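Written out below as structure tokens is the structure these notes cover.
The letters A, B, C, D and E name the chains in turn, as written, and every chain counts its residues from 1.
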Amino acid sequence: MNTNDTLIPLLGIVTDIRQDTPDVKTFRVVAPEGGKVFEHMPGQCAMLSIPGVGEAMFSITSSPTNTEFMEFSIKKCGCLTNWLHQMDVGQMITIRGPYGNAFPVETELKGKNLLFVAGGIGLAPLRSVINYVRDNRSNYGNVRIVYGSRSKNDLVDYQEIIDEWMKDEGIEVNLTIDNPQEGWDGHVGFVPDYVKELNPSTDSTVLVCGPPVMIKFTLAGLKELGFEETQVYTTMELRMKCGVGKCGRCNIGDKYVCKDGPVFRYDELSELPDEY
Amino acid sequence: MQRIGVFVCHCGTNIAATVDVKAVAEALGHEPGVVISQDYQYMCSESGQYLIKDAVKEHSLTGIVVCSCSPRMHENTFRKAAAAAGLNPYLVEIANIREQCSWIHKEIATATEKAIILGRAAVAKVHLNAPLTAGESPVVKRALVIGGGIAGIQTALDIAEAGFEVDIVEKEPTIGGKMAQIDKTFPTLDCAACILTPKMVECAQNDKITIHSFSEIADVKGFVGNFTVTIKKKARFVDETKCTGCGLCTEKCPMKKVPNEFNMGLDNRTAVYIPFAQAVPKVAAIDPDYCLMLKNGKCGVCSKVCSVGAIDYKQTDKFVEEKYGAIVVATGFNPIKIDKYEEFAYNQSPDVVTSLELERLMNAAGPNGGTLLRPSDKKHPHTIVFVQCVGSRCDDENGKPYCSKICCMYTAKHAMLIREKYPDTEVYVFYIDVRTPGKNFDEFYRRAVEQYGVHYIKGMVGKVTPKSDGKLDVQAADLLANEQLHIDADMVVLAAAIEPDKSARPLATMLTTQMDTNDFFTEAHPKLRPVESATAGIFLSGACQGPKDIPETVAQASAAAAKAIGLLCKNSITCNPCVASSDELMCNGCSSCEKVCPYGAITYIDKEFRMPDKTTRIRRVASVNPAVCQGCGACTVACPSGAMDLSGFSNSQIMAEVDAICK
Amino acid sequence: MQVNNNNEFQPLIVAFCCNWCSYAGADLSGTNRLNYPTNVKIIRVPCSCRVNPMFILRAFQRGADGVILCGCHPGDCHYTSGNYFTRRRMTLLFSMLDFLGIERDRTRVEWVSAAEGAKFAATMNEFTEAVRKLGPNRRLEDLRCRKQ
Amino acid sequence: MQEAMIKRAKELLADGTVDRVMGWKKGEFSYDHTPAVFTSAQELDENFVCDDFTSANLSKYLVKETVRDGKILAFLKPCDTYSFNQLVKEYRIDREKVYVIGIPGGPKLDIEKIRAKGITGILNIRNENYTLKIETIYGVSEMPFYEAIGVKCESCKSKKHVVYDELIGEDGEVLDSNRFDMVEKLENMTSQERYDFWRSELSKCIRCNACRTVCPACTCEKCVFENPDSGIENKAAADSFEENMFHIIRAFHVAGRCTDCGECSRVCPENIPLHLLNRKFIKDINSLYGTYQAGENTTDKAPLNEYKMDDCEASIVHERGAE
Amino acid sequence: MLRKITAAKLDQLFEAISGKQTLYIPTDREDGAAEFRKYESGMKLSNALNTVRSAKDFFFPQTENLVAFKMEGKKIEVKDIRKECEDFVIFGVRACDARSFDILDKVYLVDPVDSFYKNRRDHGTVVTMACTRPAETCFCTAFGINPTMPGGDVTAFPVGDGFFFMANTEKGEKFLADIDDLLEDGDLSRLADVQENTRNILKKLPLANLSTDSFGGDKLNELFNSDKWAGLSESCIGCGTCTFVCPTCQCYDIKDFNTGDGIVRFRCWDSCMYSDFTQMAHGNPRVSQLERFRQRFMHKLVYIPANNNGEFGCVGCGRCLQKCPISMNIVKVMKALEVK
């Protein structure tokens, strides 16, 4: 048969592995013939697999503006991710995608002030947007990033944040960690509280990603500050098998996270049943 | 990602002759996760072990597969090597390509193919090995010696000397064994009793030593450092604690026609008896097969004459349970039955005797008080023919394939003693080969020939025929002179092969130790661990391991003692970390595992769990005590949900092996 | 199943051997150079009672033509009772396989002590031949695993 | 019967002995009753049913129910009491939390047996002197009561309740049933015939897991077939091997624990006679290790968790049987 | 124009079709139930209303291999193992199952097209069979299905002494053209009588008045939050019978199998009733049977209509009514949730 089928994956080679935090590694993937395996938009995901071990959906952490490779920041939490964390550079993996929708970087977000709120590994999908915005700086207004984690060591991409994001003009980066720690002179406290503390102006569009609890309290805080649900975007994660809305397990109400999501505007999400 | 090192051992030519070790190393190098695969002459050698240690460091190995001899042989060696290099010792797997491959297969191609598959299975398993930490289990500071011959006596004395309590279990009423029956010992010709009996007495007097005479082993449970042994104390109908060994009962016993085992049945004893004068313990025993009181309920003489009231006709077998840290097997040997060698007329003429019978005939405590007389007419024999290798080095089913080792020397001894004491007696020795390796042995033999004029004839006796004049016609071949001989002999002495005691096989079963096809106990390594069995905590002393003369037996006995002492010196030994454990989230609490556990290692606890729906629930779950668990795995199969698994032999590991083998 | 160069059927035999008796018995047959076919591949388990019916089915699934389980003689189990459980479990399992029409000669339990090297070799010779006669396992194989 | 049960249930609810009642709820038609928990007299009056079609074994529900607070009344048929006892024995049911009323057993009917006669459009079924008068949209059909009996009641092993707090109706006796006849018939076939028989049966399996989920002996917290770490996890029989394996392991896991309640065969949408596999184990256990009835009491050791020194060798399988 | 085959020539027809391509017909098994089987000479067409398993198997089989992998060291090789499907005919598909193909199409043929499904769909010819003897468990009419006009590529209408055939698609016309020599012209009035008769029976069915008014995409939140789910789901044992006999249940799982020689990735039916359906490495959004039970019925009665212009995900075949071990089913759910 000469038609392609999305269930038949492509190959990628892991060319670099970075230990970001004790349980998060960032993997750089290129096509066997070089270059990116496929193009994507910020917020989209891909199914990565080691045949015989498992297959799972991960958000693409690198920006589409990166023309050489894709990156995935992956937290160790199950069979497949354990395997990925153990592998060496040069390992082939299978990859298919891109799946799902993207943050509306070319539409709704264009020209807006952007507030990124991320917790822990939740920075992974937002990093793609942040770097996209940095590479198309003129298309967007002010950018503020509020990012927190349990500890300094758990801040994903810390080096990139310090070396690049913080040095960029027009980007304000606010980091926080849950508990005081030696060698940390930054803010200490939970992300939702920090957001309220920072009191961002309500003229920005918010992109939130992190653990469910963090999202919940952040949203409540934002509402208190006067944000509307329509100003807030988030991205979801549920069990997925096919990636194309057919296998029937990642739905929230009538929406499939893999196809209709993973990016949802908060007002869309709150219309859906509370089943995630 | 696993980083596995594969090491293929040549074992000299033991493996390399039938398995293409290079091809094995090459093939296994392609298995997933294998980062280094090499072959080496002797993996177990120090340099072989360095190879492993260096590789662990150089390649940051996470697992090791050694394709070599049986894991029962060198698993520990390689585990130690891994540990020395900083790798958890339980990340080592052995592929047995010697005992289970090179030694049993002949064709190189198929043997190599099989070796690769076995190696692949080990690689597949080691992928799933988890680092394990061994717990500790205490060592019972007491040893058991099974058998009270010279081997058992020497072992017991040495262990007691080191300060440990030791029990001797002897099936006869007295310790002493075969050596007690021997007259003189080669090559020094000193009196056996004179050197043995002091040791027997020492045993009796040493307060660290307990002798369970007239006893047998009924059951053995447990494991190294912690054996529980049930000793069956056979009823001797005499209270050991009361009997003084005065011997009055033996004098008065009316039943005097009991063949005397000690004198090889050449004379009689009474139904109540003390085996011999120097018996230890010197306590009488009643032979229930002959005792009139026990058989018919009429008599009771011994009871009447016993001043201390030691006779107890109602005594029954008693079972005593004792705990030991180490067990030494010293069950010794017996001459084979030679009834089947009809050509030697053993059953037809009393003047055809075995060498051990001759010992008794010549012994001062023997039936003739030390004067050599022929059994038939108690006359002085003038011509004696010795036949060597009766049943030894023999291919038929009546005999033994091995050399009994001691016959050449004791025959030389007998010939020499006879010629010395009765110079008028002609002595002929028919032999296949005369084997005299050993200190002063060959000199001894040559003395018999040269100094004492013993006629050594290379050849085999074909037939012994009793003649009407009471003489024995010995028909033989002189192979060197190439002629047929007829000798009119007064006596014929047969050097019967020796075999392990019949009690050895059931004992081996109880001890779960290995035996060879001849029922000799198999040592853990024929060169390097000659006094240990493959089963930890069980040591071998004396002829139970193979034919030996007295000096060799004593040497081995002391060696076995040293090994046992080495074990008893430890306060605890590391236990097997390959124990069961239950995944509490999957456990149903059904108690199936508890019911099949032979050690009572599993108990049930009520534990609070946070359920997936975020409620909490108290659930009944199994809990394994790792110190008690011995790792049999019965529970893992009894568990329907698969919650119970066994470290080191986990479900996934075994299935990975199955997959690899069936690939 | 394997086929050798002469295109003869070579049965694949998986033998589960308990560490204390049968594995030692297998070692002994090696020490004594007692031949048995290369078809037999041994998996060491601590006790025969460690062998889960799943392992046996797994072996058949993956292409084994015969599975034999060897343990200490009844009464001699290193763990005192493991082989008694094995005996019941395997009797019932084999009976069930037979009931489902799986050839009964593909499975066997044999008690081999550490001293019975000769018996081990003889058993393996005999079992391999018995399975060879049955031909390849077709009734309990997984077609996906069949060797091309 | 149904009235007596409702009456007693209401009394026990009213006096606080129990706070829930486990029974069967009327269905859409006259035959599709659903196990249900009732908490009020009104619900009982409106929906409680016990008739020829209430064949579902309620005992497994009590595993879940006894985790909750309070005490539940359960109506158990004789065969259900065996399952109940077995679950109590395996610590899966808290006996203290159940008030057991023993009710007479079947034979219960199976609608599939009626449908198999080509009777369709069923509106109502009446039992008149052991003749079923079946009113359908195509007219009235008749068939003998005994031809509509469900597989699980075809060879009843016992009319005796092995556990109860009280009884409604008479207690019966353990019966000398012919339940092993079919097993024996299969045993007497050749290996090939048996193979063909089971292949044609098991190849129908759609791996819906109904046999497993309904089985009162299958109460594992996590089934090996759903556990990715078990090595035999599978969701659909991708191969005939997996069809066999699922049913062998399923039956083996309940060997010595299966009370022969017959639920597996009752619920099988493909009518596979799964109970024969269980009965084969029961028959073997009875003949090789002495008669054993799982669930008869809560004390006897399960046959696979004990042994005798002189048990037969596994070679008995090779020695007996046809061929 | 309708063409007809006499009952006597049915065997000839089957022989003719099966001579050219694989033919599946519903036939009776020894246990009295019907199933689709590959036609072999002598096989008889079942009179049963429906098969135990639905006809969806032909396009969406219970298991199917998707792709194979060969692994060596760090390398992976992807093997496309798809093969062009051979032409086949399913004869005697009822209206309910025929409609189920439309529902499956809306999942599998929308972008990105599932090539495995499409391959079978392209090569399969569906010959439907009009119903004449519906059962009490039938309620297809509630979903707008007309069992007297069941659709498919060709429709067969049973009339006393034979069957009328009507081609509905090009594929159907070709099918009929190929067997034309076995056919004859039929008396159309007979067909109208038969259909009228069936329509009268349908009106008398106990579930004839089942209403879907309370369901649909617009009722999502009220239905989702209904307090009836607890009672409805309490006796559900969580097996997959309803989903596996259901002609429209289309959820699947993707799994890898290690053959020893490589990895085969296959998909197999999955059931939202299973506790591990949505299990993730960390947590499960549907931990209770209530949530899983609700998902199945919400999917059929709300989510599918929400995404498909109001078309429901149930075809009223009645299989779940017949096969549920505890007799809980979509009709009971609909009646309980109905707003009166």
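Throughout what follows, contacts are C-beta pairs under 8 Å (C-beta built on N, C-alpha and C of every residue); 3 or more make two chains touch, one makes a residue touch a chain.
Note that the coordinates shown come from a computational prediction; the quantities given were computed from them, not determined experimentally.
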| Contact-graph distance - origin chain A, target chain C | 2
| field | Those chains which touch chain D and also touch chain B | value | C, E
| field | Contacts common to chain A and chain B (chain labels) | value | E
| Measuring from the mean of all protein Cα atoms shown, which chain centre lies nearest? | C
| task | Could you see whether D-E or B-E has the larger number of C-beta contact pairs? | result | D-E
| task | Name the chain whose C-alpha centroid is farthest from the C-alpha centroid of chain B. | result | E
| Using mean CA coordinates as chain centres, what's the chain A-chain E distance in Å? | 39
| request: Starting from the mean Cα coordinates of chain B and chain C, work out the distance between those two points in Å. | output: 29
| query | So how far apart, in whole Å, are chain C and chain E when each is placed at the average of its C-alpha atoms? | reply | 46
| message | With centres defined as the mean C-alpha position, give me the chain A-chain D separation in Å. | response | 51
| query | Of all residues in chain A, which are in touch with two or more distinct other chains? | reply | 79, 87-88, 91
| query | In chain C, which residues are in touch with two or more of the other chains? | reply | 53-54, 58, 62-63, 75, 81, 85, 89, 144-145
| Which positions in chain E touch two or more other chains at once? | 71, 253, 257-258, 260-261, 270, 284
| Each pair of chains that touch: what are they? | A-B, A-E, B-C, B-D, B-E, C-D, C-E, D-E
| Can you name the residues of chain C that touch chain E in the complex? | 62-63, 144-145, 147-148
| field | chain B contact footprint on chain E (complex, rising order) | value | 71-73, 258, 260-261, 283-284, 287-288
| message | Considering only the defined contacts, which chain C positions touch chain D in the complex? | response | 53-54, 57-58, 60-61, 74-75, 81, 84-85, 87-105, 107-109, 139-144
| query | Can you name the residues of chain D that touch chain C in the complex? | reply | 183, 186-187, 191-199, 224, 230-232, 238-242, 244-245, 248-249, 251-252, 255, 277, 280-281, 284-285, 288-289, 303-305, 307-309, 311-318, 321
| request: Enumerate the contact residues on chain E facing chain A in the complex. | output: 66-67, 69, 71, 74-76, 78, 80, 82-84, 107-108, 112-116, 119, 217, 220-221, 224-225, 250-254, 256, 258, 263, 265, 267, 270, 272, 277-282, 284-286, 291, 295, 298-299, 302-303, 306-307
